[in-house]
């Protein structure tokens, strides 16, 4: 008996709870499960470990305010008392969903969108719509400059006679590359019959599917994908709070946040100690539930101090504690006011938040007052462990590094502008792409990789990413190599026979 | 009492079982342990945590078919009833083993080979012999083209008077580099006396030892090393199923599988949730034992659905679910028919599965029908969580990326062939290596690193490795830099004084 | 009852012990806690999980010799009987501390230094003072050659008219880059009032703070930071023994130890199995507490065999088991005799342990006898699992790789010296930096990254870091690219119009 108890306790605590109580499962969801338990057992098992399985909305509403994981005040009566199961989500707003189809007597939508999740989580959906990430598709592909940048990366280059012709990328290549994170445009192509283990059935064929990109355009017209972080079908807050989840889109040289975090003191503590943390607690209490911040602790989660007092409110906007935007563009700059960055025009008339020399497009970006506010907001979590001298020292250093990395980008941009001017590369004045030549990509590396990395390393004290691992070393070397290459081009350009004449033989 | 029970339960479940029951230990193994428990306590402790310690072959045979971890129907009588201990493996086939030696009254073999493991695991050994990995030594070093490639990497370059001379690599350098994963040729050099804590004893001195490379050539003439994945002396299926084990040889830029997996949704789930999985269960049940695939789930393990029905059979061939070979060669292509790839000749007469332009050496590779069969086999595991629309969308995208990455490799190869033709580099027509010049290594980067990475990222949806982290960005830049370099070389080549004459002074 | 017991047992074992017994907390520390439990709850919670909270020095002294974690024989009477709390460390040696300040009736020091920790841990402090790491600040910044190297990395480059001017780096940039790991010089700038949640108070404003670099210069004049590895405020031996902690400074391309470890067999075992290890046990018993070495097991920890016999003594010198210094300098070489490497002069009169051609500055480095002794010391841990044939094979291969990587560095250095001689780059003879040009940084990559990586990979059998991941491939390519670049420069240099004349038009 004691033995059985111990095992049950263990199993429950270890999270593989096979007998966990569920909320009542609706009749329709029960029908789904009748087949899908066999047809797609993996996702059913995932769901059975989820809070959606265990707690009905009605039960969720009973929690104390700080413990609430739902932000709606009420939900439709048929949803309130039952587990949030297959039918509850996949038949929710079928009229809005172009991806709806008839399936065993029910109308089903394939893709569950943020608008659907908003039934129970409207505050999160609203915040997320203000999150620049939810506009990741348009901000890249509806900005002609950046769309062109993507094309120079994703298009196939065809070589003949020592010349390179760049083809337009296929949609499949775009979806597999940039849009994997930025989000694809999911559309219904047609309805088609398919052979299944239950006989032939009809299903919609979706374009640009599968995709869980954070700025996905859904068949109901909404933007974003909650499942980018709240992975189906456990939708686990534990997973969303673990930095590995963020690493899906924030690990590469363009956004090395996860890498930098790993070598920061915070990341060291996480990797060494997180086995003992409670990643499921809401609110999230410093010291008790976790002892060093993960990405979520600083950017998203509702955190409380030892007295249970709120330190930081939950947000899904994510940049509302960020004074600076430190990656993805030529220079670091104050965050844009609108999550839709396609509206930005700098004083050169280009859709970018800074000029070539780094001057900011002030009217589209947050002002110093708003930056101060966000800095204070971010620092609230710092104060849980650090005194104000520590925090000020850290931020002063970080903001100096933003400025130094911008200065190193300016050095490379000046070299590049000379190259365009001297005709060593073709730029906007030649009505050409500024991203499609080798030397231009070398210039891009300065800000897209090395400047970013240096700033991330400073933000999180992830030492070597600011020194040798795509950091200051690389910024220094890249400027010098850029100049060396341009000097070689200059010398070669002076060779008279380049203008069509044959070189003379034998030095005579 | 209850307290004690709880602790014991815990300890047992947590895997550090200090009192676990063992099978009967044979008298000879007992003698080994008498000394080795003190002399090499680490490996004895490992073994005491292994299944080999707990379950005799006779007990293993009693399991239900799906739970069997042995594939033999019987074993020699003296092995059947006892734990699989020191003596059982290290005295097993001494007559076949050149590495045998006399040791305290017994004849011992140092290296336990796949042929030895086949005593209990013959099916796995047979499958593994069809695995291209078991031929990793010969496929690299018995292919003259690839052997030369390895030499240009491992040989020391000697500089004098601005000229580089490439020395032949020493065996120690080869063993420390390529052969670390591909496997060394382990031979007995001599028997030599050594001072030990038990007095002077004689031992064989082995060449190219230690090594656990997957294609190792053993002193009994067999090929391969089970211990590459089933690490001595726990031989743990848990470890073999964890992707960190695969990372030993599949993490670098030439095979970034582990890196890509980490940023895939499957990898996110693994890293966040695997603490709750059962990595020891045979068969491996989706949803119950694990909730996202590791490398093993897709490529090796016996998986079952929620009803216990077999989804994928266990295999140690590993490519029998793979239609495409996506790394290690110039172009991705259908898998070779034979695991011995040294027999391949393309239509140019070179020992490669494709021509310079990507055309495949059809008669040596699997045909479209076999590719279809393998694709279907692989997709069976996908169906445990995903519907056919998802799976088709994913595979269509992946196979498009294979084609795009091949096209980008073709671009670089065309530039390289122009370089060879114009004498800007020395190639096969000059009876020279195609791998030993800087510009040739730049060309190699296109397919050995960037094309690979792009394809792996697509195969596993590991976003940034297909975009900025050694992916499409790098393919695009590399082609452009290759052309830029060749254009500089062309310009310089036209300078008349390069042909021996002195440049004129002062521009006159 | 049984249920409760099971849970309590579990919680205790899982390490989140909420009811752990503490040593008596001193009255003064109690006063600190009265406020800081609310003001900085995170660090108070950390401390409450630490051994400093649970065990008073007096209790610690009662342990058996091998279980001792303190090395003092006694401590001042007022410290002996109480928990090692806020006041015990932060009011310890205020007279020596320039960072002292009055705080609610007490004199407090902000920074706890190794001299303070030495009250209970004098042996560790003494060992650490002999550790080259404790001199990391001076060894970099008081060596004029290396200081210059740092400046060429951290200084902002300003471009105008196609020329680059290197600015001197700001202190903030240095502190954010190299000194993040090497350690900053922490000084008191002034005392300043600050608004706090308790009203206005005065605090010292510290320069170059925060920093946990291993060679930090503290306000009491001492060098080093124990907290670099023993992270505040848990000071956990578990964390210090986990390789993630070392990764903070040993992961980048200049010191890829953590990366290499991860793909080694030892690292595979760690990543797969360490959840079952006891990282807190002192002494650390192979087989029982851990089954594969982490960084600490080989370099620092007190390890014992299955009989409890000491295998390796605890050390905080860390290089006393290392015959070779394999990173950070141009050639691998025997370790320096003194941890202060600024005293070294090679036969060219430069402050480096080798000449340009690799010849070692013998009189400053350990001799072959000392190397042998350290090799034997290191190999003692190897013997816990491996026989002498294995160990000898491994070490022979490693020492061959040291020599091969040195030879590949020599190749690049010869090219570089030719460049300096021919005026293709400016070097010491021109009274210029040898690190500030693009081509010089390319040369540096050979030894600072690729040679290092190749040697680390060999030392730990981390395959691909010795082959394709910053290893032999990169050494081979880098030498060739260096030569190709210099050849282009040579050709361009021969162009007569470079000396000021205009090129003639049209080839005539």
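Remarks
Note that the chains take the letters A, B and C in the order they are written out, and that residue 1 is the start of every chain.
Just so we're on the same page, a contact is a pair of C-beta atoms (placed from the backbone, for glycine too) under 8 Å apart; a residue touches a chain by one contact, two chains touch by 3 or more.
Since we're looking at a predicted model, the values are computed, not measured.
Comparing the contact residues of chain B and chain C by number shows a mostly separate set, under half of all numbers used being common to the two copies. Rotation angle relating chain A to chain C: 120°, from a CA superposition, given to the nearest 5.
A straight line joining the Cα centres of chain B and chain C is 32 Å long. In chain B, the residues touching two or more other chains are 2, 5-6, 10, 275, 488, 492, 495, 497, 503-504.
Interface of chain B with chain C (complex): residues 2-3, 5-7, 10, 14-16, 37-46, 49, 110, 152-160, 162, 164, 170, 172-173, 175-178, 180-181, 194, 196, 203-206, 208-210, 212, 231, 234, 236, 238-239, 242, 244-245, 247-249, 251-255, 275, 437-439, 441-442, 448-449, 485, 488-489, 492, 495, 497-498, 503-508.
Contact residues of chain C toward chain B in the complex are 1-2, 5-6, 9-10, 13, 262-265, 267-269, 271-273, 275-276, 278, 286-288, 291, 305-307, 383-390, 393-394, 396-398, 400-401, 404, 407-408, 410-412, 414-415, 418, 457-458, 461, 463-469, 471-473, 476-477, 479-481, 483-484, 486-488, 490-492, 494-497, 499-504.
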